[in-house]
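I'd like to ask you about the structure that follows.
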Amino acid sequence: MTANGKLKVVVLGASGYTGAELLRLIAAHGGIEVVAVTAARRAGSPLGDVHPHLGGLMLPDLVTVDEVDWSRVDAVFSCLPHGTAQAAIAGLPGHLKIVDLSADYRFCDPGVYAEWYGREHVAPVLQRDAVYGLTEIRRDEVAAARLVANPGCYTTTSELPLVPCLEEGLIDPSTIVIDAKSGVSGAGREARQSSLHTEVSEGLRAYGIARHRHAPEIDQELSRAAGEPVTCTFTPHLVPMNRGILATIYVSLKHGVAPEDLRAALARRYRDEPFVRLTREGEAPSTHDVRGSNLCLIGIFADRVPGRAILVSALDNLVKGASGQALQNMNVMTGQDETRGLPQIAVFP
Amino acid sequence: MTANGKLKVVVLGASGYTGAELLRLIAAHGGIEVVAVTAARRAGSPLGDVHPHLGGLMLPDLVTVDEVDWSRVDAVFSCLPHGTAQAAIAGLPGHLKIVDLSADYRFCDPGVYAEWYGREHVAPVLQRDAVYGLTEIRRDEVAAARLVANPGCYTTTSELPLVPCLEEGLIDPSTIVIDAKSGVSGAGREARQSSLHTEVSEGLRAYGIARHRHAPEIDQELSRAAGEPVTCTFTPHLVPMNRGILATIYVSLKHGVAPEDLRAALARRYRDEPFVRLTREGEAPSTHDVRGSNLCLIGIFADRVPGRAILVSALDNLVKGASGQALQNMNVMTGQDETRGLPQIAVFP
Amino acid sequence: MTANGKLKVVVLGASGYTGAELLRLIAAHGGIEVVAVTAARRAGSPLGDVHPHLGGLMLPDLVTVDEVDWSRVDAVFSCLPHGTAQAAIAGLPGHLKIVDLSADYRFCDPGVYAEWYGREHVAPVLQRDAVYGLTEIRRDEVAAARLVANPGCYTTTSELPLVPCLEEGLIDPSTIVIDAKSGVSGAGREARQSSLHTEVSEGLRAYGIARHRHAPEIDQELSRAAGEPVTCTFTPHLVPMNRGILATIYVSLKHGVAPEDLRAALARRYRDEPFVRLTREGEAPSTHDVRGSNLCLIGIFADRVPGRAILVSALDNLVKGASGQALQNMNVMTGQDETRGLPQIAVFP
Amino acid sequence: MTANGKLKVVVLGASGYTGAELLRLIAAHGGIEVVAVTAARRAGSPLGDVHPHLGGLMLPDLVTVDEVDWSRVDAVFSCLPHGTAQAAIAGLPGHLKIVDLSADYRFCDPGVYAEWYGREHVAPVLQRDAVYGLTEIRRDEVAAARLVANPGCYTTTSELPLVPCLEEGLIDPSTIVIDAKSGVSGAGREARQSSLHTEVSEGLRAYGIARHRHAPEIDQELSRAAGEPVTCTFTPHLVPMNRGILATIYVSLKHGVAPEDLRAALARRYRDEPFVRLTREGEAPSTHDVRGSNLCLIGIFADRVPGRAILVSALDNLVKGASGQALQNMNVMTGQDETRGLPQIAVFP
């Protein structure tokens, strides 16, 4: 802690969108002091050169990871890309609390990581201590963790509605279809032709059909909730908008279960949660109503086909799907008010 | 026919987007002369007042239906809204060929119409003669028809990939999930708060979950193809773009059937079709690649879950999903080259 | 004040975008309690029915103006439309502090109001007491005011860069060209065909050329700053985005004045202002960098044509251009920290 | 010519948007056969890999320039970037008709090219024969040319309304302000951070203020029209849309000239032009009404400031601003109907 009682943090890999969003949220937090921001290729630049909208923050210039003096740091947010994050985090001093926004510590089984990310896990021992940070589901473990693997955006959107239903045995784990739609900020800030305005705007496409890396992550958490192995059908789509994820989830109800039972189970589970809210009956969640906030909205609908139900969940991929949940986890890990610095009102229109 | 050998047509209800799109396509057709365009509330206005982008066409001013002299007309496109179209069409002289773009003549069973559209069918006798105009599937019937009920946009997108699979008995009709995403022009040109730029742009929502009027229409055609009653799961979504529909369709394969069998069946069925094209293996259709054209693109994918497959189809809701297919049907009905006036190349970006 | 020391306010006309934005900002303010929100046509509805993104706020249902008990109210934000606001405000009890977001009290000369708004001013006496609330320019008057007329969005964007230049006599008042571009939320939430996504997205148009109502408002304030009558050239454009205004302003420099002199004058004037910032030399302001914040960014550029300069200013029309500046004015009027509740960091992307 | 009487053309540099747009237009032309398409980095790829929306055209795979057999080619469209185009075109056989879409042959004075493009002109002799291809203004020269330098998008938008006014001496050449707004396809298809959807969508910025390369090109043509040196004020802006340019042009009228005189002059000049149309009085051009077409719309407005007028012009930067005008020029150069293959109806919405 600083003399002023603030948590001293470093943001690693701050030149992308999740780093920028963290800095925006931290600016309104009040209990966190950012002592360093790193970006390998932009080291030496003022933050405002890389993120003009953050030019008004009085933050230090970007540095390399090697330039950080860790002795005066309490905690780290890593926004490094997967592959890079794993070793970087493994090399950090032991006194630091860490939230990793990449996929590098999300898989209990390093073999699954190796299979889907095409490289061996370089820190399997550290992996054993990492906690999967879906805050509402793992709050106690997060509170005790040194290293939290912040969940992916698609996975958070999918798991918040499904985990309680599976834990209570209300739905058939073998028939889950997750049709997910994301804004383009999920693709990051790297210059790629496929993310150009011209290639995204005014059109829609599916991608990574049956081979997206968030599928095994969803499987892992749904399996844990169901108490049996689950393989889900998962299709992501790229929507011409910047922020927001919407998952439309098709499930078969177990015998004797009605759609209202799903609603009741989710209502019980999330009654006291500040960041998860059920929509009223018949009201479909919109990403408009979560943009810029740390909210996840969930709607529950009976299908026309008897015995089936439709769950719809929406969140902002950069907030509850990334930097917001990361800050929420850090709040929990460091004993602060969990909601601190986290907007509950969307920016609309 | 006119002295110049052109088909003389009237476009009813021309003040909306499907009417405008028809007039755009007809302008490049060469074999059609538009002798009147009607719009009850805008009668008396030059077309360019209502549709500035059509101001350069030398077309007559808008009139009311009553002002049309039908004796010199060969054919009619009705872009009137459902409810209004039914009686208007029932009152037209018998020598006219008619393509109705509304839902008013799409249901074989007038009871289904009454249930979903909230009013009794006023022309059940005429209904018996109407042909459901999914051109690629019903070409011969369309050719012989006097009245064609042009299919809905969601239904065309859903049926083109599914009908051949069901006809060949490759998929289980009881497990079909259609997750469909549409651009906002499908909501028409009426001033509604929910269609404002501010309410649509930069966000995504599902709507009409388990109660959209295209569901029974899809059921009707899938049941016919399957030879047994089919009730599908169908969820439409509103995407912040103007044109385009993408349907992501989840199916269970019948015993012994592989995803490649679906591909083979669709390839056979659509081999010679100018407006239906399969994407290559692994390539997901994008609405970008059909915008402004009369194309439907279909992709076929094996799911991660054994025994399941994913079909993805894309088209432009205003063209193949409405006015383009209407013109295609009229070409067939009047013995012209089916592709005349119908773009096969998308406008991109 | 409430027992909890909070300012008790009413928001009139809360069903539109400026009302919603005020409520979003107030939610983060901490020193304001909203005791009533009114909306004539939606009276009786929960706020969340009208503004789903505000459903999580624990605010009272919408009521009519007549239902408000003014005795327990300290201050009023009026988001009523022009024409309606004038009489409604004239009828409010004298103990209330009022910020009016409409144009109804912006014109010193009721004749100008009558000419441009097509109706006689109904409260010319009250008009004399009203202060034009461009906060950075009129802070002392605002602090002493009972009724503040909150400036228009285009006018704020135009006046913040121009007023200091005119006050210091650096530019020729007779040659000012303001080319302004606005997002569509400036057109409000009413259902109009011209504001549909289909009519706005993927296109650009000028409107109200040489006859927009913000022109005389700009003239009034520029004339005051110049000490002589100014008639500006002002052209607004509708840009396919929801929030943001950018004004590109072309000026002729007075003899002996260089573009750097404009920069120096603006730097002096706004040095200590938390909500006005100059961009660095060569850096053009973007509306991206102000979205959701109360900032105004100003850039100064030498033109290729000797003796001319280009000023570019950007702000969020719903924040600094409307509700944010309204809250800023209320903070000043009630002796609170001027920045309270007002974001200085944009939401990007 | 081919045996079928078609013009045999090669498109150089076909992997970008102008190349794709040319191929889309040529597909509907009917009198042109594309015998080769080149793209250095994508040589060997099927066209559909690079441009999925053109996958249905039966065109040859991409090759390098060196692989082209020029003996069987009649004409060339060069979509190569500036810098590259100059030498490539200088090396082409003398029997070819050439339209160059880059800036490499647009400047009469090679010194101006060198100054603004940062390199010496490598083919000053060939430059002397090149014709600046603003078709409506230089039709006769274009018809006789071997090499046409196709004008830039901003320049076409600016020059079509201004040239007749200057030629007739109606406006003061020393006070022209051009405030131009472009869609993002003008930035090309290269992967750049500044063209990402996230960086463009929902925001607006000016760029290249007082130093954009189209400024000297506009100056050159306005000077020719005015018969005296003209230096214009020119500011481009990036608008969150893919296609379209709108220029809002502020002019001072010469003594005794009224805005209606500008309208009359433009009406006379463009009366018989199929691709230039004046909007009616009071009607502002929108890019919506030209999208996908080869049209340029021009509106003329009196300013509030006496003695000044506002011209507004709109076109599709990829069509009349690039590939459409290129095809129009080629039609003129090869004696075909000038309108062949060029849409006059916009795709809307």
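As written, the chains take the letters A, B, C and D, and residue 1 is the first residue of each chain.
In the analysis below, contacts are C-beta pairs under 8 Å (C-beta built on N, C-alpha and C of every residue); 3 or more make two chains touch, one makes a residue touch a chain.
Since we're looking at a predicted model, the values are computed, not measured.
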item: Pair of chains joined by more contacts [C-beta pairs], A-B or A-C; value: A-B
item: Euclidean distance of C-alpha centroids - chain A vs chain C, Å; value: 36
item: Whole-Å gap separating chain A and chain D, where each centre is the average of the chain's CA atoms; value: 45
item: Separation of chain A from chain B, taking each centre as the mean of its C-alpha atoms, in whole Å; value: 39
item: Chain C, residues touching no fewer than two other chains; value: 17, 185, 198-199, 201-202, 240-243, 286, 288, 291, 349
item: Arrangement of touching chains [line / ring / star / complete / other]; value: complete
item: Of chain C, residues touching chain D in the complex; value: 177, 179, 181, 183, 198-199, 201-207, 209-211, 215, 231-235, 237, 239-244, 246, 248, 250, 284-288, 291, 299, 301-305, 308, 310, 312, 314, 349
item: Chain C residues within the chain B interface of the complex; value: 17, 184-185, 189-193, 195-202, 240-242
item: Footprint of chain D on chain B - complex, ascending; value: 17, 20, 24, 27-28, 51-57, 185, 201-202, 242-243, 277, 283, 286, 288-292, 295, 343-349
